Amino acid sequence: MSETIWLIPLIPLLSSVTLMLFGSRLKVSQIGILGVASVGIAALLTLLLAVEFMQNQQVIQLSLWTWMEVAGFAPGISFYFDGLTLVMMSVITGVGFLIHLFSTEFMEKDPSYARYFAYLNMFVAAMLVLVMADNLLLLYLGWEGVGVCSYLLVGFWYQHNANGHAARKAFIVTRIGDTAMALGLLLLFTQLGTLDIQTMVGEANRTWQVGATIPTIACLLLVCGAVGKSAQLPLHTWLPDAMAGPTPVSALIHAATMVTAGVYLIARTHGLFLLAPTAMTAVAIIGITTSLMAAFTALMQTDIKRILAYSTISQIGYMFLALGVGAWSAGIFHLMTHAFFKALLFLGSGAIIHCLHHEHNIFKMGGLRTRMPVTFWSFMIGSAALAALPMTSGFFSKDQILLQAYQLPDIGPGLWMAGLLGALLTAIYSFRLVFVVFFGKANTEPDKDTGWRMAVPLSVLCLLAMIGGWFMIPVSEVFPASDGSHPAHWVEYVSISVPIVGVLIAYLIFYSGRLNIDGLVSSTLGRRLGQFWLSGWGIDWFYDRLFVKPYYGLANVLKSEPIDAIYGLIVAINQTFNHWLSVAQSGRMRWYLASMVAGLILVITVAANLSVGVL
Amino acid sequence: MDGLNIPLNHILLVSSLLFSIGMLGLMIRRNIIFILMSLEVMLNAAALAFVAAGAHWGQPDGQIVFMLILTVAAAEVAVGLGLVLQVQKRFKTLDMDHANRMQG
Amino acid sequence: MNATMFSALAPILILSLTAIVLMIQASIKRDESVAWIITAVGFVLTLWGAIYARDYAQSVTILLQVDHWSLFFTSLIMIASLVTLVLSRDTFSPEGERKEEYYLLLVLSVLGAVVLIQSSHMVSLLLGMELMGVALYAMIAFPERGQLPLEGAIKYLVLSACASAMLLYGFALIYAATSELSYAGIGAKGAQAYGENPMLIMAGSAMVLAGIGFKLSVAPFHMWTPDVYEGAPTPVTGFLATVSKGAVFVALSRFYIDGALYQYNSLNTALVFLAIASMLVGNWLALRQENIKRLLAYSSIAHFGYLLVVLIALTYLDTGLVSQSITFYLAAYMVTTLAAFTVVSTVAGEDTAKQDISAFEGLFWHRPLEASALTVAMLSLAGIPLTAGFMAKFFVITVGIQSGLWGLLAALVIGSAVAIYYYLRVIFAMSKSTESTGESASHLEKLLALVLIAAILVLGSWPQPFIAYAGLL
Amino acid sequence: MVMINLIVILLVGGLLAILSERISDTMPRKVAMAVVLVDVLYLLICLSGMPDIIHLQAPVANDPSSWLMHFKADWIPAFGISIELALDGISLLMVLLTLVLGAIAISASWTDIVARKGFFEANLLWSLAGVLGVFMSLDLMLFFLFWEVMLIPMYFMIAIWGHENRGYAAMKFFIFTQASGLLMLMSILALVAVNHGATGVWTFSYFDLLNTQMAEQTAHWIMLGFFIAFVVKLPGFPFHTWLPDAHTQAPTAGSVILAGILLKTGAYGLIRFAVPLFPEAALNFSYPAMWLGAAGVVYGAVLAFGQTDFKRLIAYSSVSHMGFVLLGIYAWNELALQGAVMQMVAHGFSTAALFMIAGSLQERLHTRDMREMSGLWQQMPRMGAVAMFFIVASLGLPGLGNFVAEFLVLLGLFQVNVLITVIAASGLITGAAYSLLLMQRSFHGKVNKKWADYGLSDFGPREMSTMAVMMIALILLGVYPQPVLDVAQPVLQSLLDLTTIPTLAVAEATP
């Protein structure tokens, strides 16, 4: 099994290529089967791998060939497989499989069905390469690969310029982070002479002591990459727009897998980060700020998918917080559970949108509880997990994060409280969503309920979202064990109770209406604040003024090629000379004579310049 | 025998004066006939210089070149006058400033 | 004056004989084609004579210096004259009658050129130049109708007479300073005379430069060039551009070398001015010229500017490389110019409208041979590799670098860069697509064009034999 | 002799192409294609016949006997000019690239050229011959000759078969390259003169002129002459302005050759001549050069972003990409140099393909204005997909050749100067911006009614197969570039040995 590990990314890739080349000739059913089966097989293989790994906690290193070898720079096309990889792979293939299955129904009517699955399969392949890579350059390959697939899928419905714009934004904003990350790679190689993660970390620990400058810089550069991919401040702006893509795509790429790549990167290179406490603190602070910012924004959104997008940003913020405080396994754990319940929520919303003929505004929905029971329950469970209500998967992971954050010296409690606030808000907006969409009176009639290919994935994910918290992720070998000390009990109680309070508030406001906030909202401050939050804290607007418009301006200014003007000048000069001289050619003989005489005089004066002696 | 011997420089001065006069004539006169005459003057200035120089060095070469110059001048003028007739025929004028069909 | 001298003088004698025969023939029976044949035979014989005379190379009296160098140029000139002859054949067909004189004039002019080339003495220089010039006036003015030829002729006459006057006066001054009329003598006594009375000799040689510079149409004595080129019948223009200018330049370089004029710094400076002026002025004037004959006139100004660089380099180098460069450059320039004028005269003829560059549009597709000939000629003038013009420029630059004349080289680079533009304009015009005009040249002219292309390309791509040969001269 | 034959085959082939037009209208392109393929085959056969081709033994840069092939015959002994051709790893790569792209260009001209097919194919073949000469000749005069002569057929291709503004473009192209060529001629002759002064012999042979001793100032000026000539061709900022016009106006095949091959001659010249001939001078000059490179990267990207003309945008992207080459060369360490070579190859393919797409678009729509075209994917999905592939290639997607090249360049550059690296790396972002904009404006976006009933035909088998060649090439270069690197490695190593390693010199220079 360990030798055939390379099959796992290869199979989806092959199917993707096949779909690209022959997609136009295949029947819809064939396309669906090919697309789903490829990922299914990958999932099965992963399962086998997992079983094997559970028996012998054995790390697999498999090198296919040397990618390139130049002056000691020799990254390989080679894979590294350990518990962390396993977790990621299971999420990617497992959730990926469910989402593919879901898509077969969701996208059925789409004319370019084949293209969709081609892209989706390729994404899975790239994502697998990303998590399986044993060196940063190969990881970067996967990293960029998923970026391109995300671009393609966000802009899948290319006829609408808005989608194209969203796709480009997604790619370019992340590219900014990627470039910083690339620089980080350059720095790391120049300093350590390798990009192979394990040896690199070992080398780093030999050469650098904790808190040195270079590792800090390197880690910060890597963080830039992570921030870009995982849509954290300040590079988060692309994710909400990325919702322009088909909903399953949002579920797979922009909730479950790709956006968590940043988390994976940091976790994978935690050996370096341990050398750079500053960088870790930065990660924690970025995480918590992002999660609060996003949570507030989510409160005000009316587009169901945007709400989920912001909540994703916010949840990844929690993961960053975890990484920042050194709660590695907790972070990864939350990554997994989040993959479950967020995928669930997205698919649910996808089902709603599908059945409500592409209605996105939650206030145009309502009362769907009875009409779409499957969706309703999945949403209930998903929201519960998201809000981290006790016994749901989200509860376990988020609880761990908060507790470990609390234990951090000095800033710990601060982070903890901020985290609690975030949790509260999470509970509020997620149940706001539930109450508004599924209770109250119906505004739009669904034309149908979900078919089995939608229902099954939803149900499975429901299950995972419920019990996911009981899983034991096999990363103990990967990360340094955190000291088992537990904070005071009241801390736990508070952490547990906060979400419940949030749900209650949501209930009072959005269901029973017992608690009336219209006054609050309509007050000038309230409106201002509301607007501010709705616009995502005006960050988009700010960037537009600060970067986008100036760049367009610059391009327009330079469009006329100022450099060419210089050469134009040279030409002009020559033409003037030509003009004057041509005028001199008047055709008048006496004028010619005059010039001759002038020439004669000149020559004589120069020649008879007696100061110069014989040589 | 000491006839009047004028220093070479003086004669050269005179000849250069002649030369310049001829050149000036070339530049200011518009009538082709006068232009040809000014040419004669210039050539003769040169001839004079040659004679003087020859005398100064006591060589016959000066005079020989002088005769050559006379013939040359004659040839030039002969052709020149031939052309003048044509000019008169085709341009209906001897004013050289009107002969500027070609320019630029 | 022994027999071998006569053998040495073979070219001159044969030419004179040809002239006499022509006159007799004309007096017996006027027949244009017979005259043409006689001239042709005469030229061919002269060509043979030039080769024959190589074995008797010597200085004939003090006046003429018959050596391999001059004989080589003699033969070069004869070739050019033959080309002119071929082109002249049907150029004057409208004139029809009284064409024999033209051939007579041609022969006389060539005779003058040969004398000029072989001259080693002011007198022979004067005679040669005047003989050539006077005959040329008549040739330029030969067409009986139209004002342009006449205008060109009269301008050329007056201006060049003025130039000769300058030349003569310059000689007079030099004579006055050195008591010498032969180049060698001047060379021998020059330095000492300079010591006694620098003013005289400098002014003298300056005037000589001016006089000769006019014939070479070096700026600022260049203004006559375009008008005369345009006005003269195209074959005559070709003759003027190649034979006349070539002969004069040879004479100049002989005078410069034997007369050891290069030893005078200030004179050199003057020459530098002239050279730079010619390179820039010539190219700038040609930049937007529409009439191809005028364009060629301007380009010739620039080319003699380049050539002057070689003369200037004399101050720093030994004559070997310099004379070699002169030989190569003149040969290349003559061949190229002849090719250009061949095409111009076959395509455009005497019709001023047809001499417009726009009239050459589409030539590639209607008359490929002529078009390629003109293209090659233009590329050669522009100095693109594989053409004779490039090797010529190669020589000039090498010489220039060897003697560190950076200023001149800079001017050369600028000039050549500008030049590319107008040479390309011609090529571009020809490559446009237009409907055919259905004319075509005579076989003789086609053959001529072919030969000339071959010559340019061979000189450019396989110059070794010629360089070696030129080295021996 | 082999090398001579390679060139002669092409030259003769050109004549055949012209003559074959007499037979039938479609004959020339077939003949041309056949000729190029024969050339490739001939080369491969000769190579396979050679013992050490598998592991090219490291050539000592200044010892011709150690090269793969070496041919020398007198040409103009009077000046020590000889017909000296030699082949080493880099030349080999470039020659192969030239021939392959030549075939691709012919395929591009298949339906694009309607008038005077014979003469067109002839010009194409002749320019290929010239380029081969440039890549193989080791006698400076011969090199200069090919350098200049290869432009003439190119000039005709633009001037005769170009688009609306061809006259201007052709003229600009020719004057820029010729004027800079004159500077190079000056430098060559100056170098030879210096050598002649020192040793008393006339020689233009690269091997004799290597490590000619000369004063620092002299070396500097002579080097500048070479540098400018090569950078104009590269094209490097600020000498690039001829390129957008030439590329835009040239017929598709012409653009392919220009972008794919001709630009590479400049880079090749820098690697082969400009630096090795004057190590100190060149390396003291490395900073200005690298800044020019970085400027080119950024400037090209920004201008590409501003364009509305499809081909013009690609042209500017070339400026940006070749900036990386300049950076790679003047960083002058193995990583960067390998990157530069890699970029030469990869960029050759990606840009050629994009120009072909542009060409086929113009052939179908009769416009290059991207404001006119939108949503073309609808009608031409295959072309769209292909375009997408090459666009992601040109924005440097890992797994494709361009990424390997750019990453190696950056990696090498980073060890020399961090700041310049950062600036150059920003090219990755701006590159993404304009590339995706290109895709958006042409193939994505709202379907333009104008083309709805225009009967646009998608890529046919010929076009697809041509594209497939380039795609496969790029993928191979992307995932397994080792063969290329191995071929180039010994040469670069020997060049590095020949010169002092700048990283040290620079390390001192950098505060």
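Assorted remarks:
Order of writing sets the labels: A, B, C and D. Residues in every chain begin at 1.
FYI, contacts are C-beta pairs under 8 Å (C-beta built on N, C-alpha and C of every residue); 3 or more make two chains touch, one makes a residue touch a chain.
Just so you know, these numbers come straight off a predicted model, no measurement behind them.
Chain pair with the larger contact count among B-C and A-B is B-C, by C-beta pairs in contact.
Relative to the centroid of every protein C-alpha atom shown, the closest chain centre, again from C-alpha atoms, is found for D.
With each centre defined as the average position of its C-alpha atoms, the distance from chain B to chain C rounds to 26 Å. Chain centres here are Cα averages; for chain A and chain B they lie 96 Å apart.
The geometric centre of chain A is 78 Å away from that of chain C, both derived from CA atoms.
Distance between chain centres (mean CA atoms), chain C to chain D: 43 Å. For chain C, residues touching at least two other chains, in rising order: 154-155, 158, 162, 166, 226-227. Across the assembly, chain A contributes 582, 585, 587, 589, 593 as residues in contact with two or more other chains. Under the touch rule stated earlier, the contacting chain pairs are A-B, A-C, A-D, B-C, C-D. Looking at the complex, you find that chain A touches chain B at residues 582, 585-590, 593-594, 597.
Here chain C touches chain A in the complex through residues 154-155, 158-159, 162-163, 166, 191, 194-195, 198-199, 202-203, 205-207, 209-210, 213-214, 219-221, 223-224, 226-227, 263-267, 269-270, 273-274, 280-281, 284-285, 287-288, 315, 418, going by the rule given at the top.
The residues of chain A lying in touch with chain D in their complex are 20, 24, 65-71, 73, 77, 112, 137, 140-141, 143-145, 148, 151-152, 155, 158-161, 164-165, 167-168, 171-172, 175-176, 178-179, 182-183, 186-187, 189-190, 551, 554-556, 558-559, 561, 563-564, 566-567. Contacts from chain A toward chain C in the complex involve residues 574-575, 577-578, 581-582, 584-585, 587, 589, 591-593, 595-596, 598-600, 602-604, 606-610, 612-615.
Listing the residues of chain B that touch chain A in their complex gives 23, 26-28, 30, 35, 96-97, 99-104.
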